[in-house]
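Presented below are the structures under discussion, each in the form of structure tokens.
First subunit A sits with subunit B, and in the next complex the same chain sits with subunit C.
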Partner chain A sequence: MIEPRTHRAPRGRFVEGLASLGSLAGAGLLILVALAVGSLIPASDENIEHRQRPYAVQGGVGDARSTDKLDIRVAGVRGAGKIKDDDRTHDTGGVWIIVKVRVATRTEAGLIPYAAARDRHGRIYELSSRIEQSLNGRMLQPGIPLTGELVFEVPKDAATDLTVLFADNSLDRRMDRQVEIALPTVDKATVDRWLADAATTLIDTEVSTA
Partner chain B sequence: MSWWRRNWWGLLALLPVLALALGQDAKEVRDRARENPTDPTVPIVTPLASWVGYGGGEVRMLVLKEATGLTGYGGEPFALPGGVRAWRATLEFRDPDEKLGGCQVFLLDGAGRRFEPDPAELRGAKKSYGSCSPAFDAAPAPTFRNDFFFVMPSGTRPAAVGLSLATQHPNYVRLVPAG
Partner chain C sequence: MSGNGGTGAAAGALRGVASHLSLRWVAAGIAVLTVAASGLFGGLRPTEKPTVPVIAVHTAFDGGPWTVTVNRALTLKTLEPLKKTEKAGDRWVAVRVRMEINANETWNRIDDVIRLPGVKGLRTVEPSEFYLVRDESLLVRELQPGIPEEVAFLWQQDGSVPRPEAMDVELWGMTHRKSSLTDMIEWLDSGPRALVLDVPVEDR
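Moving on, here comes the complex of A and B:
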């Protein structure tokens, strides 16, 4: 038995026009949705500084790390309530954090462009300008590492958990490499002991190539 | 009707959207690539003792050797820090119009690392400070000589002395020692 061939009446021009219009509207709607979703992506991350943050090269005390310009190794850290450089004693309402570091430039002579300490809340402390620092402003020659101390003055509550930062640009560090050395965490009792210590901590005002 | 024919207008509309989306990043990439476009990168290679014209003056290197026997200002022997050797370059200038006065002189090793003159490692040593100008008290003369002192890590040898003027970048003079 032969099955009768199915037969469909041709669609009218009106129906075809409607379908075409619907397809066009659908595509346009999809584009609008894509644009809307795209516009929401940056809005979901309101802090542009966070999105363009430096690329962290993390390490700890004793680890050798590098930016494009510097080779860095933090050798140790100590804290104090009172420090002395060449001939003056310096008190503080916070805590002095003294970081021993070995640093060299890689390809050309230059200064340490940026060194800072960051606490667990993200607050940034730059090198103290209250004292003469042997490595701050010291011209480093490539391949000749110098060991010296970097001194930060931080609030008492920040001293327990600090990370030292090094970068190649003091002003614009967006999306650039940044060495982040986590200092050993200390408890509040240790910070109190630093502050209670009546002795003055002597700062190493010279650098050495040792 | 194929998918491409149906959607050609949408694909076309994507181009300006992409340009808008990526334009800012492209600008940043380009700016980064152009960072310090006037660095001294094109050497004018000049052998030892040969004069070379540069920036309106002329210069040549007479000596590039290890600086031994440095003393302090009291005449006492000057001790270099460990792991470091000092080097001296003597340059002669023919610069009647003082066009080279603002030049920068630097030492390069085989790896292209750049060392600056008068480093802190030589603080306390009795030596002249490198300059491309004649000494203030020098009698007028057709040429003058100045010494430039550098330090390098022990075990590293100089490959050349560079001399550059910002107005002449990217060209710089690369003075190479004999051998």
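Moving on, here comes the complex of A and C:
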């Protein structure tokens, strides 16, 4: 027996229009979602420097820390408004920060590839070339630590809170090990006292094996 | 039907022509098309040099990684005992500025700060020496961020060229933007950003 075919009443134009509008809205929503997801990708790209930042090996004064090439121990820090190296006195528009450090290469002879001071705002101050520095450019032998002073020139407002950085590459330190030694914080009065001191601070221009 | 046949015939004819074209003809065709297309946008006509703002002497100019203020221009017969000119009889041309590093790191590319485009007889386009007034020394090649310094940029000038009475000082700058090469935010696009016109040149 053949069942008589049932016929559905044709949908009105209004209903069809609504359905069509609904599918358009759905497509539009999908496009918006895709755009929203896409907009997150460049935002992530802008953070590439953060994602590729060096691997920090943190420590404080007196702590022994290592990069792949160097063993480092910061022994102390002092500040000054006027310093003297071998033959000249140097004043500054900022503050001189003098960091005593004991350093040796680990496996082969080499220099300190990178040493810098970083302030609390992230500004980086490399070793000053205004003066002769005993460890800057000094060839180090593996297993024979040398003690000397590293000298940085920083603005007055940066001198209160500094971290000294050591790394194995002076140009590209992305995703590389970086020793970060936090120097003791000092108050503004201490910085002012350094600057007001009329005496010239002598820089140790020789290294020692002590 | 006839339309399809026409299209097919045209495609066949094109294929026939293409199969007989040598690589040289294809390359020549591409070159002709390229020239024709570039012609629509001015072709090889020289473009106008972008103009830069003119600023006065003693006016601070923010060039991006640095702020620089041109204060004086000088010619010097000698810099000895600090430095001799490479050719006897040459003189020094100096621009003295106040300069502060705005970048967040020690800046050691200070040869990209100033040019003297109209001065004849300079031995180099970029300055050959930098004089740090505080130290009375030519040794420094870098400046620290946030510590303003008086600096003189120095060029050697052919001694047979007349001494300039006044000169234009071009101040360069850079832009902090994402590098398409490294994806890192870097200082790029080094180039002229401002001009200090007719700076009187003192003779020393």
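To be clear about the criterion, the second predicted complex is superposed on the first by the 167 of 210 C-alpha atoms of A that agree within 3 Å, B and C clash if a C-alpha of one lies under 4 Å from a C-alpha of the other, contacts with A are read in each partner's own complex, and residues count from 1 in each chain.
Basically, contacts are C-beta pairs under 8 Å (C-beta built on N, C-alpha and C of every residue); 3 or more make two chains touch, one makes a residue touch a chain.
None of the values given here were measured: they were computed from a predicted structure.
S.K.: Would you sort A:Q58 into first (subunit B), second (subunit C), both or neither based on which partner it touches?
M.R.: Neither partner.
S.K.: Looking at A:E126, would you say it contacts subunit B, subunit C, both, or neither? Reply first, second, both or neither.
M.R.: After superposing on A, A:E126 lies in contact with subunit C but is clear of subunit B.
S.K.: Applying the touch criterion given at the start, work out whether A:H90 contacts subunit B, subunit C, both or neither, answering first, second, both or neither.
M.R.: second
S.K.: Who does A:I48 touch here: subunit B (first), subunit C (second), both, or neither?
M.R.: second
S.K.: Could you look at A:Q141 and tell me whether it touches subunit B, subunit C, both or neither (first, second, both, neither)?
M.R.: In the superposition, A:Q141 contacts subunit B only.
S.K.: Determine, under the contact definition given at the top, whether A:T185 touches first (subunit B), second (subunit C), both, or neither.
M.R.: A:T185 sits against neither subunit B nor subunit C.
S.K.: Please determine whether it is subunit B or subunit C that touches the greater number of subunit A residues.
M.R.: C
S.K.: Do subunit B and subunit C land on any of the same subunit A residues, and which?
M.R.: none
S.K.: Please output the residues of subunit B touching subunit A within their complex, sorted ascending.
M.R.: Residue positions touching the partner: 6-7, 10, 13, 17, 21, 81-84, 106, 112-116, 119-121, 150-153, 156.
S.K.: Which stretch or stretches of subunit C touch subunit A in the complex?
M.R.: Interface residues on subunit C, with respect to subunit A: 104-106, 108, 132, 134-135, 137, 139-142, 144-149, 178, 183-185.
S.K.: Which stretch or stretches of subunit A touch subunit C in the complex?
M.R.: Residues of subunit A touching subunit C: 45-46, 48-49, 88, 90-94, 116, 121-126, 128-130, 153-155, 157-158.
S.K.: Could you please specify the touching residues of subunit A with respect to subunit B in the complex?
M.R.: That would be residues 23, 27, 31, 35, 38, 106-109, 138-139, 141-144, 208-210 of subunit A.
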